[in-house]
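Heads up: the structure comes next, in structure tokens.
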Amino acid sequence: MNTINHENFKLSSLKHNPTKKEIKIKNAVFGPNEIQLIMGPCAIESEKQLEEIANEVKNFGIKIFRACAYKPRTHPYSFQGMGEKGIQILSKIGEKYDLITETEVTDTRQVKMVSEKIDILRIGARNMQNFELLKEVGKINNPVILKNGLSSTIEEHLNAAEHILSKGNPNVILCTRGIRGFEPLERFTYDALSIPILKTLTNLPIIADPSHPTGNKELVLPLARAQIASGADGLLVEVHNNPYQALTDSKQQLNTNELPNFIEEIKKVAQATNRKIDLTKK
Amino acid sequence: MNTINHENFKLSSLKHNPTKKEIKIKNAVFGPNEIQLIMGPCAIESEKQLEEIANEVKNFGIKIFRACAYKPRTHPYSFQGMGEKGIQILSKIGEKYDLITETEVTDTRQVKMVSEKIDILRIGARNMQNFELLKEVGKINNPVILKNGLSSTIEEHLNAAEHILSKGNPNVILCTRGIRGFEPLERFTYDALSIPILKTLTNLPIIADPSHPTGNKELVLPLARAQIASGADGLLVEVHNNPYQALTDSKQQLNTNELPNFIEEIKKVAQATNRKIDLTKK
Amino acid sequence: MNTINHENFKLSSLKHNPTKKEIKIKNAVFGPNEIQLIMGPCAIESEKQLEEIANEVKNFGIKIFRACAYKPRTHPYSFQGMGEKGIQILSKIGEKYDLITETEVTDTRQVKMVSEKIDILRIGARNMQNFELLKEVGKINNPVILKNGLSSTIEEHLNAAEHILSKGNPNVILCTRGIRGFEPLERFTYDALSIPILKTLTNLPIIADPSHPTGNKELVLPLARAQIASGADGLLVEVHNNPYQALTDSKQQLNTNELPNFIEEIKKVAQATNRKIDLTKK
Amino acid sequence: MNTINHENFKLSSLKHNPTKKEIKIKNAVFGPNEIQLIMGPCAIESEKQLEEIANEVKNFGIKIFRACAYKPRTHPYSFQGMGEKGIQILSKIGEKYDLITETEVTDTRQVKMVSEKIDILRIGARNMQNFELLKEVGKINNPVILKNGLSSTIEEHLNAAEHILSKGNPNVILCTRGIRGFEPLERFTYDALSIPILKTLTNLPIIADPSHPTGNKELVLPLARAQIASGADGLLVEVHNNPYQALTDSKQQLNTNELPNFIEEIKKVAQATNRKIDLTKK
């Protein structure tokens, strides 16, 4: 096995900066002691849809609400997201329900506007090495969730984070979301060693996405359990109040009525690894 | 995502045989309610070495003792295992310490002799599609642990098991041990969805190997936790009383003095998923 | 094996548009009868360096001159390219030597400016699914070379091309540049079936990059031979007049003094597959 | 990129033995100057079928006739080959038509018998690391064709060859047959750099299999062209006189009536790389 050059990610390297970083945003913390659950629909489809899901998610104690306005879509002729209009809706719903908001940016030209309206920005797998976009979110101060690329190595993921950190934004959260593999029965292969290895290398918080690898909501809970057990500091989960009607990713979104059981099961694995889930108190 | 043809693994298909199988061997059970820990050194190096490790493993309540006499070695000029002499040692130690024994077979000509001396036979990754060997272990009655191939699909793993089952041996236990990937910082990539998907398809017990993917003993515990959390019915773990002196796999074998903590941590994740570890009572 | 949905790339689908497309730019043609050689250094380092290489390349009859001003770099602390200043130099040298110019764009904000100064724009592997960038180069009329992503499927490559075509730019040239694999002795794995399969599906011209998979200039010629033999309509080759001093990719750039032999050898394989290389006449 | 330890394959290492090896068998030579075409059906189905194909293949000047009696089959309930009866048929046909015979062995217990009846033995991809089988064919003197494993590295392929060489059989021919990849439109991914890299490391002859990666006979010729252009010393091609009736691999076997064109096209690429095909003179 190979070694890795810590100089190329010195700002997030445990070797150079051995204290695990805590990233705070409003009433939520990303760090080694608490597990953040970020939930919401894949795409913003309408104000009504978003509000219904926000209301349910809020009731279960979730602090961070996710939804996409800019959708990177493989097929040019499928729904591409609501764009700026969607950002306005998400911002409004976030304020109304006192939820921290999270969304994806896909172009340098979106960054300033989105960073003023939304709390946390996300860089998706397909843009992990869109270096101009990385540099642009390096100039703001909002927390940025950086997913690994479809076939990125752990070192490349850390180097991509360093592109952001080196421009001045210290608030980077890594997210492991699976890699391209050869298994026909899954959408992506989730490497169970990715978080354990990252934890030995970097001080950044690391969350995991249990939705995208599966392509099948029955597999989301067992995968999420494995991710938490392997050390994930949080989960980014797609939930919908009517998954079969969803405009995107309909097969892998959990139904909001499955959330109480999901949260309960994750709580047990969190406790088994000496951590707790960061939920709002009732 | 693709579908899978259940006719090609009908004997182990949940669709054809929906009851989860329990495989009993002496005082141990492989099945949905109990987690088996199989432990022991990578290779049999001498009677003295084997006896010392057996003694320690036994003291921690482990029921099944593993050790290899036939080593499939990538390099032609490295230690190839003790062969039949090693089998005799393992058999003797098993009897002396009242441990169930487990070892790998690598050639059709070994099967009869080994099956008479050792309780459980294992087919390693490199022989998962050595079909003549599969057919040969299909003619005995000992439990057979079948590891997935280095780049086998889930369907191919099930088809390989069916080669054994269809020859008359009903006692097949699957073992997931990671696949070849592109990540330079790990030895193999462990696909966290492999067990959740297998569990939806087959009635066979499924255990996991946390040692081989890592190549690094610091990563064995977090990976083992993820495997148990994802549903594994057991673990196959390399342990040694002096890992740095081991003739093979020296970097990934746990030290026997690390076992109490390892077992304690796995117990917690087992409980968090409503199962318990099958240890001997003191 | 799977089938593919031609509706998602209908503009370039042979099923919908069965005539192989010819793309002309000045005195060069991309299409089924002629092989284009695009050559030049990885990065623009200075006007002097660029002019020396342009002069040599021109002398060998090459029509299209490549060089990067915007470099997507894995490491945040390595040379990031000369930017707009580099574009001006390339444009000036192109005019002076009557060479068609080709360069990479990495951000939507570069497209308009670059498209006015440079003949052919390239989208690199890391931006193959940077959909905003694809849409932006879909609004211009310059030929666009679209490389496959590091782990993209053939269908995803065609879908990415369709993002450009569907915005109105009909001049898309595909380029195969290798995928991420597990082989430690190469930089990327070049799938020898990628061009033969693409040729059965699309009417777009397809060129190949023999430089990036190798990471070693000794392997560039045998790979280039294989690419031409498998049907490539052209090659995109990194050449430098002083490779060991190059600021980027120093090990894989051919030396300009190796070009006569390289071109001679490629000519023979082109003839063996009934095509010829499109060089300027002397 | 990594380096490789030449000590582990010293018998075939160019560093230790810099002269390219020639392996002669009857009137055929494997080596750097001549290209061997090995052709025949995937499986021996009957004496009549085999004789018809042998007759045609012989007429086209082919010297080596391939056919399998022992079939490694993924599915336990599909045709497993004719076994020893098939070996007898192949031997008889070989003598009658004065063809060198080639077939696969899949078990140590077959080696002696097959080596007495058949000229060249083959180890398939699934047995590349069946080390007991490698050692067994190391004890005979027949040429052995060793295919790479489904996910073997180049170094592992060379190490597997060394297992044979180190037991005393100097007549090893490597064969590249593609690796497991993620592309849904092909059966296996053929790495175009595999032969160029092997050629820099080993003195063994290296042939290529254009049939198995494709799963589609339309793609066999373009892949074969690429393999020869990249330096292959021969091809192992599946041909059948009635492919659609074949019991195995029906979609990827060339029809014997396509052979004249296939041979003609390969001849041109061979000449373009300064070699010729080793055919019987008429």
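A, B, C and D label the chains in the order they appear, each numbered from 1.
Heads up, the rule we're going with is that contacts are C-beta pairs under 8 Å (C-beta built on N, C-alpha and C of every residue); 3 or more make two chains touch, one makes a residue touch a chain.
This structure is a prediction, so every number in the text was calculated from the model and none was measured.
Chain A and chain C touch with mostly matching residues; of the residue numbers seen at this interface, over half occur in both copies. For chain D, the chain with the farthest CA centroid is A.
Averaged Cα coordinates give chain A a centre that lies 35 Å from the centre of chain B.
Between chain B and chain C, the centres computed from C-alpha atoms are 48 Å apart. Residue positions of chain D touching 2 or more other chains: 2, 151, 179-182, 184.
Of all the residues in chain B, the ones that touch chain D in their complex are 7-8, 70, 72-77, 80, 106-109, 126-127, 129-133, 149-152, 156, 159, 162-163, 166, 179-180. The touching residues of chain B, when paired with chain A in their complex, are 1-2, 4, 151, 153-155, 179, 181-187, 189-197, 199-200, 213-216, 218-219, 222-223, 225-231, 268-269, 271-273.
Across the interface of their complex, chain A is touched by residues 2, 180-182, 184 of chain D.
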